[in-house]
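Below: one structure in structure tokens.
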Amino acid sequence: MSGEIEISIKNLNLWFGNFQALKNINIDIPKNAVTALIGPSGCGKSTFIKTLDRMNDLVDNVKFTGEIIYKGRNILDSDTDVVELRKEIGMVFQKPNPFPKSIFDNVVYGPRVHGIRDKKTLHEIAERSLKGAAIWDEVKDRLGESALRLSGGQQQRLCIARLLAVEPDVLLMDEPASALDPIATSKIEDLLYELKKDYTIVIVTHNMQQAARVSSRTAFFWLGEMVEYAPTIDLFERPQNKRTEDYVTGKFG
Amino acid sequence: MAAKRRETAAIGLLWGAGIATLVILIVILAYILVNGLPLISWHFLTANPGVRGQTGTGIYSTIVATVAVTGVALLVAAPLSVGGAIYLNEYTKENLLRKVIRQAAEVLAGIPSIIIGLFGFLFFVIYLRPYTGGWSVLSGGLALAFMVLPISLRISEEALKAVPAELREGSLGLGATKWQSITTVVIPTALPGIITGLILGAGRAIGETAAILLTVGGALSVPHSLHDPACPMTLYIYNILTEYNDTRTAYGTAAVLIIVILAITFTTDYLMNRYTRKLKGL
Amino acid sequence: MRALRRSRTRDARERFIQLILLVCAISSIFAIFLIIVFVFSQGVPFLAEAGLPFLTGSVWLPADSFAAGTWGIFPIILGSLIVTLGAVAIGAPLGIACAVFLAEIAPPAIRRMLVPSVSALAGVPSVVYGFFALLVIVPWIRGEFGGFGTSVLACWIILSIMILPTIISISTDAMRAVPREYKEGSLAMGATRWQTIRSVLIPAASSGIITSVILGMGRAIGETMAVLLVAGNSVTIPGSIFAPVSTLTAQIALEMNYATGAHQQALFAMGVVLFVFIMILTGLANLASRRRVTF
């Protein structure tokens, strides 16, 4: 881990109408590492992660203040090209959402909409991305099949491959394994271990053991606030805050 | 015991209603097809109708006329309806404008075809005569477009609505613009539904008479341009029935129309089936 | 490294596309506007000149100039109403019953046959319906009951068939939308299938069913070709259901091709009257579909 900061969030507040979903969040996301966000449902973790790639813009009545500094600019300002931003910071959702197209068309979707037409290039990108998502061997002989035929775990890895094809720097994962069975989950976790070498990863998870397994730093969210943020081992074994301690010891969940 | 008998009687009546509906359709179709199919021959389909009252010739020009006016109607109504559906579903929330437009489409769908015909006569045949050629394929087709539009709009909107939100999120999340997301993910996914809407709209246009009665002219010759008058199949049936009592040719023409309608019914059924299965990944 | 500053050209392009789509969307509104403007521009002046006697008068003797003609369309309006109400009286019970059958009782094999059949019925051109009625229903009436056969009864029969698909499809949707818990609750209390249908399903779906009937009425009153072929088109108040009748739609279609001057305007005025009827029906349909029924 290089110790470099990829994204720096300062004083982030966010409202849906009158409801304040995020309260004064301050956090630095380190580069090429996995940062986990844990906490009970509805406490702002997903909202926070969606702010990083401006996906909250799709919701009505959203207001935010504060700054998110990435690559030297505040990506919350209105001058930011949201479309380009999402090529740099990509997201994988809780429920895998492959397009009803072939596996190949899914993987190269991103490069295609960005203008890459050359078949050879697209095939190279597809192979590289599918390998990067640890699914190449399973699909290399059936790239033309519908992506919807894959199992849940495979679909999720395909979604990750789709993301890798766009060559982002940051991968946001909103509970990527919660809809999957244990075997598929462990495949995803192994994948994260590999991916973090080249990508900055922020993962929201309900599963504390998962957070403990894959992440180097963990943040605990409670009612829209970020209560504690520390190296994972410290957060779990020596939590500074009482609420953190209650949560990680299972007193509430 | 009386209750049980009432129950059986009631269920029996309901069965009767269902079977009766089926029987009605079969009787009508059978009557037309049995009397009309024998008339359909290559000659019937490729020869032109005879001069005034001559029976036993063909319906070629009427087929061309039907295809032509339907084509015009679709060409105009398709972009407006599909584009409108895209706007309503992709660019607006459930707001006043959307409700007004949807209401307007419902009202338009309910306007009797004869009123569309009156309007078409005033607007296309008289007012826009220099552009449409008066009574013509173009006038008829444009009038029909008013009837195709609401059908296609409603079905396209439903098809777009059925596309799951996650797909849009997914494509936007990969750095596609909104329009790219629509053209590369949403529309391809909704395509069977959209096409169904257009086919059903075409079916309406093909079967319509009152609207073209006052706009298309009724000339029996093959129309060579959009400005020529013409006589689509439906109008032809009416004319030869009332003017010349030529039931034979009427049967033949009706049989052709019925076959087209059945083809449309089966195609749209198949398409909608494929659509629901596609969304489930089968 | 990608520049993260907003692209002006791309924004402009997206906004332009949105504008075009907006224009497409309001085309429906624009279409209705056009229709109303043109039809009313011809019809309303005539209505104003002819006044109430137009609607209440029973003698219809059109002429080229206003003064030379007698303009009374009461029998025609009555004709439209009689024909519509009769069609609904026959078609609604049959259609609703068939809808119940489809939604609740039909085994899947029958349903697979019946649903496309209803679609096919909806697709049959109106002139073909009229043709069939002219060749089958009219002779039958003539044979059994005398007269010409072209009559109110013939219109009732064929129109009731024509509105079946509308009533069936919308009512079936309404019934399918009734939550299963309502039905299951009733059955769990020991009610029979029919009792459940009668006391739970139909009331719960009633707003949809009523809407379907009103829309069916709209279809019936607006139908032209079938009526034109089998109504007899006599501008008189029918003395019996075996007597001929004329409707607004048929009269307009019949005379429009040779009407000139005031006569033509009178036909547009009839179009306005018809349009008003449709608007009333549409308004009623809206009200009906919005009411939530409690039972």
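In order of appearance the chains are A, B and C, and numbering begins at 1 in each one.
Quick note on the criterion: a contact is a pair of C-beta atoms (placed from the backbone, for glycine too) under 8 Å apart; a residue touches a chain by one contact, two chains touch by 3 or more.
The structure displayed is predicted, hence computed values, not measured ones.
Ranked by separation of Cα centres from chain B, the top chain is A. Nearest to the global CA centroid, when each chain is reduced to the mean of its CA atoms, is chain B. With each centre defined as the average position of its C-alpha atoms, the distance from chain B to chain C rounds to 16 Å.
Look at where the CA atoms of chain A average out and do the same for chain C: the two points lie 54 Å apart. Centre to centre, using the average C-alpha position, chain A and chain B are separated by 48 Å. Of all residues in chain B, those that touch two or more other chains are 177.
Annotation for chain C: residues 10 touch two or more other chains.
Across the assembly, chain A contributes 83-84, 87 as residues in contact with two or more other chains. Those residues of chain C that touch chain A in the complex are listed here as 1-7, 10. Put simply, chain A touches chain C in their complex at residues 71, 73, 75, 78-85, 87-88. By the touch criterion stated above, chain B contacts chain A in their complex at residues 93, 164, 166-167, 169-177, 180, 184-185, 188-189, 278-282. Residue ranges of chain B in contact with chain C, taken from their complex: 3, 6-7, 10-11, 13-18, 20-22, 24-25, 28-29, 31-32, 79-88, 91, 100-101, 103-108, 110-119, 121-123, 127, 146, 149-150, 153, 177-179, 203, 206-210, 213-214, 234-235, 237-238, 241-242, 247, 250, 254, 257-258, 261-262, 264-266, 268-269. Residue ranges of chain C in contact with chain B, taken from their complex: 10, 13-14, 17-18, 20-29, 31-32, 34-35, 38-39, 41-42, 94, 97-98, 100-102, 104-106, 110, 113-114, 116-121, 123-132, 134-136, 161, 164, 168, 192-195, 197-198, 215, 218, 221-225, 228-229, 249, 252-253, 256-257, 267-268, 271, 274-275, 278-279, 281-282, 286.
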